[in-house]
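Several structures are given next for inspection.
The same chain A turns up in both complexes below, where it pairs with chain B and then with chain C.
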Partner chain A sequence: MSRTVFILVSIFLVIPALLAGVMMGAYALGGWLDGVWFPGAHRLTNILVLMLVFVMVLASLLTLAERKWSALMQNRIGPNRADLFGRPVPAGIGHFIADALKMLTKEDFRPAKANTFLYNLGPLLAFAPVFALFAVVPAGPTLEVFGKTVDMVVATPDFGLLFIFAIASLAVYGTSLAGWSSNNKFALLGGVRAASQMISYEVALGLSLVGLMMAFSTVQLPAFVGEALGTGQFRYLWGNDAAMGLRPGFDVGLPAWGIFLQPVAFVLFFAAAFAETKRAPFDMPEGESEIIGYFVEYSGMKFGMFMLSEFMEIVILSGVMVVLFFGGYHLPIGEEWLRGTELMRSYPLLLGAVLGMVFWLKVLTLCYLQLVVRWTFPRFRYDQVQKLGWKMLLPVGLVNVFVTGALVLWDPSLRLLALSGLLVIAVVLALTMAAPGEAPAEAHGEGHGHAHGDTTALPPSHAHATGHAQVHALNAHTAVPQKLETPERTPVAASH
Partner chain B sequence: MNAEVVLFYAFAVLALLSAGMVIASRSPINSALSLVATFFFLAGTYVLLLAHTIAVLQVLVYAGAIMVLFLFVIMLLNLTETEGERAKVTFGRVAGALAAVSLFALLALVVMGVKGAPTAMATAELARFGTLAALGQTLYTEWLLPFEAVSLLLLVAIVGAVVVAKARI
Partner chain C sequence: MADIRQKPVEPTPPDTRPEEADALEAHLETKRMYINLGPSHPAMHGTVRMRVELEGETIVSADPEIGFLHRGFQKSCENVTWTQCLPYTDRLNYVSALQNNFGFLSAVEKLIGLEIPERAKYMRVIGAELHRMADHLTMVGATGMELGGFSVFLYALEARELIMDRVTELTGARLTTSFGRIGGMNRDLPEGWKEKVLKSLDKISVVYKEIEGLLTRNRIFVDRTKGTGVISAEDALDFGFTGPCLRACGVDFDVRKARPYWVYDRMDFDVPIGRNGDNYDRYLMRMEELLQSDRIIRQALAQIPAGPIIVDDWRIALPPKPEVYGTIEGVISHFKLVMEGVQVPAGEVYDSTEGSNGELGWYLVSDGGGRPYKVHVRAPGFPILAGVPRMIEGKFLADLIPTFDTINMIGGEVEQ
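Showing the complex of A and B:
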C-alpha cells in the first residue's frame, strides 16, 4: 500500500515539480545571461540545459527505466541491489550510477587486427549526430524574462525538419564503421544490416511528414508548434476561443494537433523512426540472440556511447513527435485562459515553467510508449523489415501525401483534414476493439501480424497471444535438456 | 581578413585535401570516407555562398544516402587494400587525361566570367536568398519544365536499373 502511494506521489507530484523547476531555472539563467553578456546569449544556456541536462540525464535514466520496465512486464522485480553507502536507494536509482561507474572504469579492449583509427572513430560518429539532433526542437515558449526575450530552442534554421533528416542519416556511419573496423564477422553483419535498414527507412521517414508540412505549410519546428495564438498547433479546429467571437472564462475545444490531422503520418513516422533507432522489433543490427551486433568487439565507455546514443535517440524521437504531432509545449485546452490570468501575466517565468513541464511530460509519456513497444513485440525477420519499409510504409506514405494535398487544397481551414483524420482514428480504434474474438487463432502463428505493417493498430490481445507463444517456446526449450539428461549425463553437463 | 574569408580558405583547403585523399588512399573504405568529408566541406562553402538549402541537401542526399550505399557495397563485398598493378600508359588513358584537363580549363573559364552578384543585392532580398521557400518557389514556377524533365530522367534510370538487375520480370 505504501509502495503504491509512493509511486503515485512521485509520478504526479515530484516529477512535474522537478521538470517545472529546472525549466524555470533555464529561463531565469537565459534571461540573466542575455542581460550581462549579449542579446541571444541565452542560446548558449539552452545548449547546456536542453541538450546536456535534459536529454543526457533522461537518456541515462532511461537505461535504468528500461531494465525496470522490462522486469515489470516479465513479472520480475528488476535491478534493486545497488545501495548508496549501505542505504537502499528507492526504485533502483543507484544502478544508474553503478552502471556509469562500471562503464568508465572497465578495461578498454581493442581487437588486435582491428583498424585502429576507424575503430576509435565509430563510437564518436554514432554519438555526435544523435547529440546534435535536439538542437532544433523547441521545448518552451518565447518569453520576456528580466526584460529580455528568451526562447527555449538552440537553433532555428529555416530548413528545420531537413536538418533532422540530414543529421539523423549520418548516425549510420558510426554503426556501420564500427561493424566493419572491428574485424569480426558478426560485427560486420550487424554493420551491413544497419546500413541497409537505414537506407530503406529514410525514404519512408521523409515521405511520412510531407502531408504535415503541407497542412502547416512550413518545415520549421517552432512554426509547427505555433508561437502566437492561432498559428501552428496553438489553435482550435472547433472550440470556443477568441476566433469564434465569444470569450468565456475557460476555453475548450479540439486543438489542431498533428495527431488529429495526420494519424496515418504519425503511424508511418513512428514506425520508420523506430526502425532508425534500431530497437526491437527493428533490432536486426543488434539481434542479441543471433549476432551480438555491430558493437560486439567494444567494451567500456566505447560500448557505453553506442548504448547511450540509442537511449538519446528515444528522447529525441519523443521530442520530435511531441513537436510535430502533440502540440509541442501547448496544453490541449485552456492555455488561452492560463496565459490571460493575472498570475501568469505578472510572472512570465511561471508560464515558462508550466509550459516547459507540459512539454517534458509529453516527452516522458512517449518515451514510456517506446519502452512498451520494445518489450511487447518480437524481432522482425530480415526480409519482413525490408518488406515493411518498401511495400507497406512507402506506398501508404505516397497515398497519404496525395490525399492530404487534396484535402488541404479543398479546405484550407484544415477542418476537412481533421475530419478524415478523426475517421481514421475511429476506424483503427473500432478494429482494435473488435479484434479480441479472433485472437486465439493467432496464438500459434507467432507474430505474423507484424508483416501487415500495422504496428499500432495491433490489438492488445494480440500482444497477449504472442506472449503465450513465447511462453510455450520457453517451455519447450527448457523441456529438451530434461529429456536429454536422463540417458546420458556427461555431454549435457559439458554443454552447460 | 574577415571571418568569412578565413572560413572559405579553411573549407576550400580541407575540401581539396580530402578530395586528394579519395584518389590517393589505397583502402576503398578510406576513399569513401574521404569523399564524405569532401561533401561536408563543400556544404560549408555552400553555406558561405548563402545557399543554406543546397548545403543541407548536400549532407542529406550525398553524405547521408548515396555514400552510405557506397559504404554498404564496399562492406558487403569486403573489398580490402588491393596491390594494384602498375598502371600502363595506353591511348585511352592519355585521351581521358587530356579530356579531364580541357574540361577543367573550360569550367575555370566559365567560372571566371561570372560576376560577383550577391553583393549587389538588397538586404531584404539577401535574407530570402537560398532559403527553402525561395528555392521551392523558383523551382516550381520558373524552372518547372526542367525540374519535371529531370524527375522523368530519374524515373527512367530507376526502371532501367530494375530491368538490368532482374532478368525476368
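Showing the complex of A and C:
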C-alpha cells in the first residue's frame, strides 16, 4: 500500500515539480548568462541543461526505470537492495549509482586480436551521435527572461529534421565497427545485422515524416511546434471562439497535433525509429539469446556507453515524437488562456516552467510506452524485420505521402487531413477492440485422437471448450490424426 | 544501374543480361563460418554444445554435442539398492522429478509383479500431472523468454512456483522430490492440500490466460514459430520422437491412452494432436496439455479414495514404526530392507510412462538381489535432440532458438 502511495505521489507531484523546477532554473540561467556575457549565450547553457542534465540524467534513470517498470509489469518488486552508506535508498536509486560505479571500475578488457583503434572507436561512435541528436529538439517556448530573449533549444538549423536523420544514421557505424573489430563471430553477426537493419529502416524513417513536412511546410522542429497561436501545432483544427483567436477566453478545441493529422505516419515513424534504437522487438543486433550481441566483447564503461546510448535514444526518440506528433511543449487546451493570465505575463519564468514540464512529461510518457513495448513483444527474426521494413513500412509510407499530399492540396486548413487521420484512428481502435471476438468457436476436441477415456461415462461436453477453442480455430487443428502404423510395443488402437 | 540505362538497347537482350548481372555482382571470396553455441550460451539450456556451420545466417549443418552434464546415472544405480536409485532419478528431468520417481517405481513394481493401492495410484497421477504442468510452463516460458518476451517467462514461472509450493508441501522438497516408494507412496497427502491445489489451479488458469494472450495470437511470435523447425511425421517416427513433439506432427500416440497405467483409464482427458510439426504446433501442444493436466488433476482429486498408500508387505515396504520399535519381526524387516534393499526377482522389464516430453522408458534388469543389475533410461529428449539438425539445417540461425526451446531438451535426462 505504501508503495502504491509512493509511486502515485512521485508520479503526480514529485516528478512534475522537479521537471518544472529544473526548467525554470534553465531559463533563469540562460537569461542571466545572456545578460552578463553576450546575447545568445543561453544556447550554451541549453547544451548543459538539455543534453547533460535532461537527456543524460533521464537516460541513466531510465536504466533503473526499465528495471522498475518491467518489475511492475511482471508482478515483481524490482531492485531495492542497494544502500547508500548503510541507509536504504527509496525506489532503488542506489542501484543506478552502484551500476555506474561498477561500470566505471570494471576491467577494460580488449580481445587479443581485436583492432585496437576501431575497437575503441566503436563505443564512441555509437555514443556521440546520439548525444548530438537532441540539439535541434525544442524543449520549451521562447521567453523574455530578465529582458533577454531565451529559447530552449541548442540549435535551430534550417535543415532541422534532416539533421536528425543524418546523425541518427551515423550511430550505426559504431555498432558495425564494434561488431567487426571485436574479432568475435557472434559480434560480427550482430554488427552485420545492425548494418542491414539500419539501412532498411532509414528509408521508412525518412519517408514516414514527409507527410508531416508537407502539412506544416517546414523541416525545422521549432516551426513544427509553433510559437504563437495559429502556427505549427499550436493551433486548433476545430474549437471555440477563443481557440480560433476571435476573442479572449479559455480556448478549447482539437489541436492540430501530428498524431491527429498523421496517425499512419506516427505508427511508421515509431516502428522505424524503434528499429533504429535496436531495442526489442527489433533487437536483432543484440539478440541476447541468439548471438549475445555486437558488444559481447566489451566490458566496463565501453559496454556502458553502448547501453547508455540505447537509453538516450529512447529519450531522444520520445523527444522527437513529442515535437512532431504531440504538440511539443504545448498544452492540448487552454494554453492561449494561460499565456494571457496576469500571473504568466508578469512571471514568464513560470510559463517556461509549466510548458517545459509539459514537454518532459510527454517525453516520459512516451519513454514508458517504449518500455512497455519492449517488455511485451518477442523479437523479430532477421529476415522478418527486413520484410517489415521494405514490404510493409515503405509502401505504406509512400501511400501516406501521396494521400497526405492530395489532402493538403485540397484543403490547406488541414481539416480534411485531420478527418482522415481521425478516421484511421477510429478504424484502428475498432479493429483492436473487435480482435478478441474474431476467433470462430469451432468445435473443440474433434482433432483429438482419443476423444474420451474408455470407462468413465462423462458427458462429451468440455467445460473449458470456449476457453481455448481459438487455439485450434486459429490453426485448424482438425485434421484426422495419422495413426501410428506398426505398433510393436505401442498398441495405440487398444484405447479406441 | 546508371550503366545499364546508358547502354544502347540491343535486339537480343538475353545475351547481354548475364554480362550485366555479372558486372553488378561483386565476386568476393566467401567462406563458411563455424560457431559454437554453448555449452555456455543463453539459449543452450542444460549445457549442450551445438557446433553450427553458417553460410551467412543460414545454417548449413548443426552438430549437437552432449556430455557436459554426464553424471554416470546408470553406473551409480548399479551400486545402490533399488530404493536408493530414487534420488538419482530426481536429477534426470529436474523440471518434472515426480514423473521420473513414479516411472521408475512403476517399472520396479512391474518387475516384481506388484499391484499398488488405489490411493497411491491416484497420488501418482496427481503428482505426475502437476509436474507435467510445471514442465510445460517452463517450456512455454523459456520459449517466450528466448524469443525476447521476458514477461512471459516470469508469468510462467509465477504459475510454476505455485506448483512448486504444492509439491514442496507434498514431498518436502522443491526439486529433488524422491517421492514414492516401491509398492506405493511414503507419505500421504497433507491436511488441506487438496483445497490448496484447487486454488493454485485456479490461479494458474488466470496466469495461463495472460500467457496465451501474450503469445498465442501474437503476430511476431507466430511468425517466429510457425513453419520453423518443421519435421515430418515419418522423420519424427524414424528418429524416435515421442510425446508432444511427435503429436505435433500429427501422430496420435500418448502412453497414457495407448497403454493406460495407474488410473489414467478412469480419467476423461483429450490428447491434442498437431498437424504441421513445427515450433508453433509444439507450443500449442504444451498449452493444450496444460489444460488437460488441469482437468486430470481436478478429476483425480475428486475421485481419490481413502485407504492405504503402500502395500502391506514387509518384504517391500518398511514396516510401521511401532512394529519396528515393538516387535522383533519389524526390526528385522526394517534392517533387511534398509541394508539389503527390496529383493527384486531376477528378470528384465521394459516399462514406460508418459513423461512431459515423451515416453519415459525404463529397462531394468535384476539378478535377484537388492541392487539393480542394470538400469537404462529411455530419455525422451535424447532422440528429439538427435533430430534437431534435421529440423534446422538450411534454416536461419535465429530459428535454432525456438526449435531448441520447443523440443524442450532437458540436459539431466539426455546426458544422465
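The rule we apply is simple: the second predicted complex is superposed on the first by the 430 of 496 C-alpha atoms of A that agree within 3 Å, B and C clash if a C-alpha of one lies under 4 Å from a C-alpha of the other, contacts with A are read in each partner's own complex, and residues count from 1 in each chain.
Simple rule for what comes next: a residue touches a chain if its C-beta (ideal position, glycine included) is under 8 Å from a C-beta of that chain, and two chains touch if they have at least 3 such contacts.
Predicted model only: the values in this text are computed from it and were never measured.
Student: Quick one: is A:Tyr382 in contact with chain B, with chain C, with both, or with neither? Answer first, second, both or neither.
Tutor: second
Student: Is A:Ser70 touching anything from chain B or chain C once the two structures are fitted on A? First, second, both or neither.
Tutor: Only chain C is touched by A:Ser70; chain B is not.
Student: Using the touch definition from the top, say if A:Leu170 reaches chain B (first), chain C (second), both or neither.
Tutor: It touches chain B, and chain C stays clear.
Student: After lining up the shared chain so the two structures overlap, which partner does A:Leu237 touch, if you call chain B first and chain C second: first, second, both or neither?
Tutor: Touch status of A:Leu237: no partner.
Student: Which touches a greater number of chain A residues, chain B or chain C?
Tutor: Residues of chain A touched, chain B against chain C: more for C.
Student: Should A:Val267 be classified as contacting the first partner (chain B), the second (chain C), both, or neither?
Tutor: In the superposed model, A:Val267 contacts neither chain B nor chain C.
Student: Both chain B and chain C touch chain A; at which residues?
Tutor: none
Student: If you look only at chain C, which of its residues touch chain A in the complex?
Tutor: 33, 35, 41-43, 57, 144-152, 154-155, 158, 209, 212, 214-218, 220-221, 223-224, 233, 237, 250-255, 257-260, 264-276, 280-281, 284, 287-288, 291, 294-295, 350, 396-401
Student: Chain A touches which residues of chain B in the complex?
Tutor: By the definition above, chain B touches chain A via 29, 33, 36, 52-53, 56-57, 59-60, 63-65, 68-69, 71-72, 75-76, 78, 131-133.
Student: Any idea which chain A residues touch chain B in the complex?
Tutor: Those in contact with chain B are residues 115, 118, 157-159, 162-163, 165-167, 169-170, 172-173, 176-177, 179-180, 188, 191-192, 195-196, 198-199, 202, 219.
Student: Which of the residues in chain A come into contact with chain C in the complex?
Tutor: 70, 73-76, 185-186, 189, 193, 280-281, 283-284, 287-292, 375-384, 435, 445, 447-456, 458, 462, 464, 467-468, 470-471, 474-477, 479, 481-484, 487, 489-492, 494-495
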